[in-house]
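Given below, in the form of structure tokens, are the structures.
Two complexes, one shared chain (subunit A), two partners (subunit B, subunit C).
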Partner chain A sequence: MGPNEAGQRRQRKDIIDKVTGRARYASDLEVPGMTYARLVRSKVAHGAIKNIDTSAARALPGVICVVTAKDFEHLDMYYGESILDQPFLSVDRVRYIGEPFAGVVAETQEIADRAAELVRLEVEELPILENAAAAMHATTLIHPERPADLELANVCSRSVFEYGEVDRAMTEAVHIHEATYTFPAVFHYAMEPYAYLAEWSSAGLDMWAGTQQPHKVRADLARIFGVPHNQVRVRVPYVGGGYGSKGQAKYEPVTAAMALIAQRPVRLVNSINESFHTVTRHAAVVTMRTGIDADGRIIARDSQVVYDTGAYADKGPRVARKGAYRSAGPYSIPNSRAVGIAVYSNRVPAGAFRGFATPQVVWAGESAVDEIARHLGMSPLEYRKRFLTEQGKPFLGDDAPMDADLPQGLQLAADAIGWDEPRLPGRGRGVGSGVKDGGGGAARVEAEVHLHRDGSVEVVASTIELGQGPQTAYAQIAADGLHAHFEDVRVRAVDTWGQRFDPGTNASRSTISVGSAVYDAACQVYAQVCDAAEQVMGTSQDLRLDGPDVVAGGQRKPFVEVLAEVRRLQPDWLGSVSAIGVQDTTKGDGPLGYSSSFYEVGHSAVEVEVDPETGVLTLVKCASVADVGFAINPEGCEGQDEGSTVMGLGHTLYEELEFNGPELINPSLVDYRVPRAENLPHDFHTILLENRDGPGPFGSKGAGEGGTLAIAPAVANALEDATGVRIRDLPLTPERVWRALRAHEEALHSDVAEDQS
Partner chain B sequence: METEFILNGSPSVVDAPDHELLIDSLRARMRLTGTKRSCDVEICGACTVLCDGQAISACTTLTADVDGADVVTIEGLADGDDLHPVQQAFVDHSAAQCGFCTPGMVMSVVALCMEYPDADEERIKEYLSSTLCRCTGYVKIIEAAQQALEQL
Partner chain C sequence: MSMSPFELHRPDDLPSAVRLLEKYGDDAVLHMGGTELLLLMKLGFAQPGHLVDGKRITDLKRLEVGDERLTIGAGVTHRRIERHRDIARVLPALVSLERAVANIRVRNAGTLGGNLCFAEPHSDPATLLAALDATVDLVGPGGARTVPFREFLFGAFATALAPAEIMTQINVPLPRVGARVGYHRLALKERPTVAAAVVLGDRHCEVWIGALTAKPLPVPEAAAALATSGGRDVTAAAEATRAAVLAVDPSEGGDYRAQLASVMVTRAVADAQPRRAL
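This part shows the complex of A and B:
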């Protein structure tokens, strides 16, 4: 029997709260006796701390405490995803402008803000390594305690993936394409700034946090403060945007530390300026050599990706690893070597951001493939369709076989913009395909389904509602497993007390991982109800739950009575009306240590118009294909893909964190330009591809990141189609396009002049 | 100083320092946390409220400046459980994801409907460009605005 609820358009479970202003975010919370905090941040990019003078701040009436690392010498102050290199307040050194080195707690926010301005930091300045390029060849080390790399300085991590014989294959290639592509640091702009509320009691630490990884945060807090996991409770209210920025610990440790000293509940609500100084997407430099044979087939690829991870590792090592790994896709390339290097610099730390390392390498790869197709005189669309990895064929060495029909998806995108129709002058068309392995967060997870005596259903699943819609999708999945009504299912908000471990709401993993566990649990409860109904009603034929009633074999009986009777008939009836579902996505033995459980696929096709006078590039048409396997909540899937495509348009056309040396000079929405409604392509389509070929419930796959993957190269490819100009740096601002057009024209003129002379 | 104004239909008095911003009076003093703080510089629109029927940013408005005005926040839009048509349009089109921009976005669409009842798609896009959303890509918000304009 196919799903009834899944696949339908259903009202979002969270939407009434959200349209009425009743939805509570961490920045809205209050508890009795609450105090207010402000962090004090370094104005120096790199320095050894000589002194922190807190006396003036402490003297301000209403200030409860001013804390620095000296107050926590008994604690292990460091956190991080894989490298514990980031202290929650500077110890000995500051490493970037914006790094918090002190915290103020006061009776009001205004007093905390004023006191923060009175704290003085005295440092001995150290040489500044303004970006990865400078840091790789410097003699100064930002983290001298880290093991040295054999070739370069300030290497945070180096990952190498190799299969086949790249060097031999390159010698056999009839054409080798080599180019370097750059991608700037960009900002998530989750609209809710980082916000937390912490309170200590004899029971331990109570933490409210806008986080994507409450269990990871719990583990960090427990380790830092030397308390067991059962004394750290992390609760997550609604979260005002994440996109990766609220993964791992951020300001939870420092908020808890301030509450410990203040001996009062402390709320820390940062500003957007402070969010800008917390984490970014990695700036990357991708150097890619691609060898092709006489048929145009890619026989070898050799890539080096340098990610600027800023002052602290955050998720940089994993980003560099995944980026390198994915640089060999989405084509079947028999010989590949990919090196991913995360490099420390005195910039704002970089970490996870929707697409996770992949938009950077797809920017390079899908630009390069377009250049190759044009070199061969082939249609960029036909070239791709011929060489994209076929469904069921090996992918990325010996990872799981490709589960998607890539040429089909790309063709859908191309058709949606009228690829074969005649082009108007000044316009061009481009396509791109991005694939991201869905291995991130591979885990064995559990979820619970409880059927209450009145027939209402409660789902307990540790996925954060960031807006991507798990409360709605899980309710649909559970309703199907239970043959119950969607309206009768409620999904609990996440609380590490009493809820099962989950590695995090990231990597587009929740539906296939946790969602599958929800379905498993719901099916188990359904089997229990069937068993009870057979004993009590003598039938479980076509059993369904209709509000408070069990309906089966033409009979109807309140569930509460079925439950009472089955227990009377059979006191040792083992069934209950709750179940724990399980899903394990750590299977296989691919190069990452497991096989990708699915591939997240995004295809983009665009038509652009270029104004040669101003360099303004306008998207006339834009189509994005999200290969979701099966859309459990179609409106939600569309919304995710529309959002991720527009977010991708941000880094394609507008967004760039600009630095003067190490200093971020546009940390404000006045100067940092994100897409607005008026920037939407005139003709904008999102298409859901549903071949039911995914591992999640009803053949679903993860979604929500695909739109960010290939939009930038699709636009750059369209720009070349329109103008003959190739740009290998983002974003494609009017100035950059205008300069490239001018340079191209001058080169043409000088060629003509040479021909004439 | 005391500021007297109509807030969500009821007379209201705030005794606040001269320099206090409306967003702080609403959120911290009146406990109306539906109005959201994000950019602090009147770019994102998350703190949009209506002041005498006009959309304004509470993050750059002094409380003292709404003296005598009629202020409506997101909390004042629905009538009990009966949603305002703009709110209902957002529900019908799933026009919210994380929801942080939503109160400001809803208030902006309410203002749009009053100011430009015949707004076409281009006008909607232009008007809503002073209210940012980072999740939805705006498509469903524009659809919601179109529905609201038809109904109002």
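This part shows the complex of A and C:
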């Protein structure tokens, strides 16, 4: 039986609270005796700490304590995803401008702010490695304790993927395309800055955090402070956007540390400027060689991707690994080698960001494929459709077979912008396809569904409401499993006390993993209600829950009475009104046993218009196809895909964290330019592809990152279509476009001049 | 950052406001829409102990459209100018300029006088008002005076305002019947990247470039090219603009900025409109 509730367009459960300002975020929280904190951040990019003078700050009335690493010598201060290289306050070195080296706790925020300005850092300056390019060939090491790489300096991690015989295949290629593409560091721009509230008591640590990974944070806090997991409670209120920036521990350890010394509850609310100095998307340089045979088929690819991971590893090693791995997609390339290198530099650390490593490599790959198709004189659309990985065929060496119909999706995107219609002068069209192996594989997750005596339903699932809509989608899923009304289902906010483990709200994994567990739990509860109804009402035919009533076989009875009667009739009735659902993808059979549980696919097609006098590139049409398998809340899916496309337009046309040496020069919402509604064309579509071929409830797949994957190459490809100019550096700013147009024109003139001479 | 504490004063008339500014000296700032000032205070760049709120002073809110000139009180919001039907007839370039200032929230609160006194080099109205040769009325402890707007602006964030002096109104001479006024700008970031204002009269023209330099840059060569050709030789004006910008902006990327300035002049001429009868 198909879903009834899932697939409906539903108003988000959280929307009224959010538009009326009632929704509470960590920065809104207050507890008795609460104090206020401010971190003190380095103005030096790289230095050995000589002294931190906190005396003037301590002397300010109202200051409770000023803490530095010296206060925590008994603790393991370091955290990170795979490399624990980041201390929650600088220990012996500062490694980037903006790194917190001290924390002030005071009776008011104003006092904390003023005291923070009085803390003095004295350092012996070290050579500054302003970006990965400088760091790779430097003699200075940012993390001297890290094992050395054989070839380059300051390597944080190096990952190599290889299958087939690349070198041999390259010798057999009739054409080899080689080019280097660059991608800028960009900012997540989560509306809510990093905010926390920590309190220690005899019960342990109570932490309110705007985080995407509360269980990971719990583990980090437990390890750092030497307390068991059952004494660390992480509660997550609404989170005002994450996009990867609130993954793993961020300022939870330092907030807890300040609360430990202050012996009072401490609230730390950072500013947006401080968000800019916390984590970014990795700037990347992608060098890609692609070998083509006589039929135009890609027979070999050799890629090197250098990701600038900044001062600390954060998720850099995983980014470099995933980026290298994905650099051969979305085509079936029989021989591929990819090297992904994360390099330390004295920049703001880089970490997870919507699309996770993939927009950088898709920018290179989908630009290169377009260049190859044009070189071969083929339509870039037809070329792609011919060589995109077929559904069911092996992908990326020996990973899960492709679960999506890629040519179908790409054609839908192209059709939506009128690909075959005549082009107006000055306009051009471009497409791009990106594929990212989705998260949610190789894990066992659980969720609970409780049916209350009045017929209302509570879902307990450890997925964070970041704005992406799980409270709504899970309510729909549970309503379907229970044959209940959507309105009667509530999804609880996340609290690690009493709620089940989940690795994190990331990688588009929640719906297919936790959502499947929710459905499983709801179906179990439904089976129990049916069992009770058969005993009490003599039927469970077409049973549904209608508010407080059970309706079955033409009868109606309040659920509370059904429950009382079944227990009276049968005192040993084992049924319950609660159930734990499970989604176990660790077993390794079927697609879920692969590292990829599904493929998140994004197809973009655009038409652009270029103003040759100013270089301003205007989007005239933009279509994006999200292959979601099945849309549980279509409105939510469309919103997610539109949002990720717009976010991708940011790094395509406008966004770039600009550095003067190691110093970020545009860390404010005025100076950092993101796309606005006025920059979007009226002709802006998201198309949901629903082939019910995913592993989640009703054939759903994860969504929300696809739009970021291929929009940049689609626009650059359209630019070449319009003007003949190829640009391999992002963003495609008007100045960059104008310079490329001028160089192109000059080259044409000199060609003409040569012909004439 | 949180704002440092301040005392708010809300005088009802100009003399009281001037007295307050005089009394508190450097520790006081006149506050109108707050769209720039409050931002600076939040960032900690300004920490005045006293804000003198001018929004209750009715003299600052006058707006008169005469035959010869337009009088705009310094406390008139961008939004009021943008929606003013008579201004749309006599000086349509100002209305279309105002419509594009920042965003509607800023235009609802921000005032023309506040914009000019802040002297942000990327101001939209400053460029057009310089081209139109507007004057501004100031009142302070020493009495009232009128200053040509071109002389009012000293440079980036620097003006002719004396201590405790308040801008009361902006006087814009309206172009004669038949003359055309145009303004065109490109905003690649939050504020304009480059702007051009042109006034095309029978015998006299003006060409001013905004946002590239600390204060609006006159380009008399471009103006002359337009004046001698009856407004037709746009190419010569554009090239003269390019040369003028390159001369003052030799830094990296100057050629692109010069290109943009020349294109903005061309487009401002194309956009230029005559006044219509009231």
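Going forward, the second predicted complex is superposed on the first by the 742 of 757 C-alpha atoms of A that agree within 3 Å, B and C clash if a C-alpha of one lies under 4 Å from a C-alpha of the other, contacts with A are read in each partner's own complex, and residues count from 1 in each chain.
Operating definition for what follows: a residue touches a chain if its C-beta (ideal position, glycine included) is under 8 Å from a C-beta of that chain, and two chains touch if they have at least 3 such contacts.
Predicted model, so just to flag it, every value in this text is computed and none were measured.
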- [ ] Return first, second, both or neither, reflecting whether A:Gln109 touches subunit B, subunit C, both chains, or no partner chain.
- [x] both
Open item on the list: I'd like to know which partner A:Tyr163 touches here: subunit B for first, subunit C for second, both or neither.
Closed with: neither
TODO: Considering only touches as defined above, state whether A:Asp28 meets subunit B (first), subunit C (second), both or neither.
DONE: first
Open item on the list: One more residue to check, A:Thr20. First (subunit B), second (subunit C), both or neither?
Closed with: first
Open item on the list: For A:Tyr78 in the superposed arrangement: first (subunit B), second (subunit C), both or neither?
Closed with: neither
Open item on the list: Per the contact definition in the header, classify A:Gly467: touching subunit B only (first), subunit C only (second), both, or neither.
Closed with: first
TODO: Answer with first, second, both or neither: which of subunit B and subunit C does A:Val670 touch in the superposed model?
DONE: both
Task: First (subunit B), second (subunit C), both or neither touched by A:Val646 - done: first
- [ ] Using the superposition on chain A described above, determine whether A:Ser271 touches subunit B (first), subunit C (second), both, or neither.
- [x] both
Task: subunit A residues touched by each partner, larger count belonging to subunit B or subunit C - done: B
TODO: Once the two structures are superposed, pull the subunit A residues common to the subunit B and subunit C interfaces.
DONE: 109, 271, 670
Task: Complex interface listing, subunit A residues touching subunit C - done: 109-110, 113, 271, 613-616, 670-671, 673, 733-735, 738-739
Open item on the list: Touching residues of subunit C toward subunit A in the complex: what are they?
Closed with: 1-2, 4-5, 39, 186, 188-190, 253, 256, 259-260, 263
- [ ] Spell out the part of subunit A that touches subunit B in their complex, as residue ranges.
- [x] 9, 11-12, 14-25, 27-28, 30, 109, 188-193, 238-243, 271-273, 466-469, 635-636, 638-640, 642-647, 668-670, 674-680, 684, 686
Open item on the list: Quick check: in the complex, which residue numbers of subunit B touch subunit A?
Closed with: 27-28, 31-41, 43-44, 46, 73-75, 77-78, 83, 87, 90-91, 93-94, 96-103, 106, 124-126, 128-129, 131-142
